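Following: one structure in structure tokens, then a few remarks.
Chains: A, B and C, in written order; residue numbering restarts at 1 for each.
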């Protein structure tokens, strides 16, 4: 008999949360990386006020995608090193439930980092990033990264080069998320009329649905035996 | 002397007749379309001789489309049936598609030098085409990194399916990001397009056969050869492992 | 037999597409201006003018005005020498000192503007610029004993002004001894090329049009009444003419890249095939030694 889907999903999430509260391995690494990235960008680009408005959505999303890559890698590597994956595969649990559990765990951790970045960037760059719609865009974009990232990280931790391969595999495929999220954020930030950024935002949501369906269908093949 | 596995003996067995015929038609067709594009069609009076590169530039993208499409189909069927041939088709599709899209990128770049006055510009369409190339280059790297053959086939089928999204983006990028300067020859050009020309008489005569050739015969013939080769390489690897373990 | 049939079908499909291409191309022919085309030179053909073009030059003649418009690429890379050689070749004129000489910057480069005067009969107005290894010479030669006509391009004194009057005045002063005040402004006229401002006097008429940062100016002494037609024809030639760039080196580079990549793709198949045969031979040898 299989464990019911949602019981299993919530068990995986609470396991990840408890492990994180104890070890604080994921969020601290991601947050530190994000902070460094924001600082490095502002030095490297020598941003003045006008350039900041142009560049800040790019800085936000580039930082987020690299930070999340770091997090996904770490999270799947933990599963592998502790032998959790094998245990989960032996348990009478559907693959989709494992995927959704890991996905939501990854999503929550990255979202915490993402949401912490917004006030920080607001303070450092002097731009109003703490906007309702920007928070929605951030959440959607991070969810997008998490779907594809969870699937690909599950694959790459089982390869020889491990951590090195995830960004190479993830970046090109996550590009649709990056493209639409940057456009939407830029539109909202510049105070353009809603019609201008609702298009990319809607497209972001549509792409998430497509990728989520693809990942749910394909996940069972990356978690065999 | 020990008997060799079946797959390796195919090496000495003759090529299927259809493949032979296809190969000959492809080579002749390639020579024919080159003659049409380089000799029969007139030179463009605005752009000069370089416009002829278009008869390869655009068809090569569609050749890559077919090849990557076969990777997608191969991946889906492999996951459904676990038949190794479909995984080989997927791999061959990536190699051929990568070569074709490299031709597409480089010929575009060489055309852009005299017409746009630059080798490269960060235009949405150019960028997405480059990312498409990198995605499939990542496919080959990822594939080389997985030792277990069963895992490798399953993972790469999954990745091949996902990677096709970048092909679709390259095709439809002008709808997501409309401010491209890349001209569209068949159909309405985007507003900012630079370096377009009319698809008239000579252009269609030279383009249609070339497009058909690159879309079908070129990728299919080369992929078929590559699939046969891959089957023998896999058999050889197995044989080597056997020899080592003895 | 199955395979032969498939092959025949493929060939038939290619044939069908070729035919479709040919049929489609019939409709694709558009009704644009006819052009004179040589290896690099493209000149719009002037309707109503007699076409005297040769293989490598375009030349149009209007008998009733005894006017000729000619475009050619002279091999010399010195503008004065090129203009002299070209006019001598075409009209048998010994070119002397120009009565007017200036330079203007147009979208396609710096042009020399020259006007030569040969007494009562012949006036030659020339625009020339360096192109590739030679010189493009576009000339207007008029041999009407009843008129003297000169056509030229003058850089605008004031870019902001949308009126060619200062340039017309400048041209009149430079080319004739007359004073611009002898002419009075007539109504402006609309030609296919745009809005021209017209000045008329007792023995002379002038017209001009602003285009970009320059003014096209046409002057005529005598009154055959064909100044507008001549100015329009020369203007059409100047604006419609273009040189096909020599991009054949890029084509060669592109084809080389195509062959290198395709060669690498097919070559890699042969390479791996060879490696396979070697490995096989080695394994067979080992198997044979083993007993």
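The criterion applied here is as follows: a contact is a pair of C-beta atoms (placed from the backbone, for glycine too) under 8 Å apart; a residue touches a chain by one contact, two chains touch by 3 or more.
Quick caveat: nothing in here was measured; it's all calculated off a predicted structure.
**Q** Compared with chain B, which chain's mean CA position is the farthest off?
**A** When every chain centre is compared against chain B, the largest gap points to C.
**Q** Which chains, taken as a pair, are joined by the highest number of C-beta contacts?
**A** Result of the pairwise contact count: B-C comes out on top.
**Q** Could you give the separation in Å between the centres of chain B and chain C, each centre being the mean of its C-alpha atoms?
**A** A distance of 40 Å separates the two centres.
**Q** Could you tell me the distance, in whole angstrom, between the mean C-alpha positions of chain A and chain C?
**A** Between these chains, centre-to-centre, one finds 57 Å.
**Q** Based only on mean CA positions, could you tell me how far chain A sits from chain B in angstrom?
**A** 32
**Q** Two or more other chains touching the same residue: where does that happen in chain B?
**A** none
**Q** Multi-chain contacts in chain C: which residues touch at least two other chains?
**A** Chain C, residues with two or more chain partners: not present.
**Q** Which residues of chain B touch chain A once you look at their complex with the stated criterion?
**A** Per the stated touch rule, the residues are 79, 128, 131-132, 134-135, 138, 141-142, 145-147, 150-151, 154-155, 157-159, 161-163, 165-166, 169, 176-177.
**Q** Hey, which residues of chain A end up touching chain B in the complex?
**A** 148, 151-152, 155-156, 158-161, 165, 168-169, 172-173, 175-176, 179-180, 183, 200, 203, 211, 214, 218, 221-222, 224
**Q** Using the touch definition up top, name the residues of chain C that touch chain B in the complex.
**A** Residue positions touching the partner: 2-4, 6-7, 10-11, 13-14, 17-18, 20-22, 24-26, 28-30, 35, 37, 42, 242, 244-248, 250-251, 253-255, 257-258, 261-262, 264-266, 269, 272-273, 276-277, 279-280, 283-284, 286-288.
**Q** Looking at the complex, which residues from chain B come into contact with chain C?
**A** Spelled out, the residues of chain B in touch with chain C are 1-2, 4, 8, 11, 16-18, 21-22, 25, 29, 38, 43-53, 56, 60, 95-96, 99, 102-103, 106-107, 110-111, 113-114, 198-202, 204-205, 207-209, 212-213, 217, 222, 225-226, 229, 232-233, 236, 239-240, 243.
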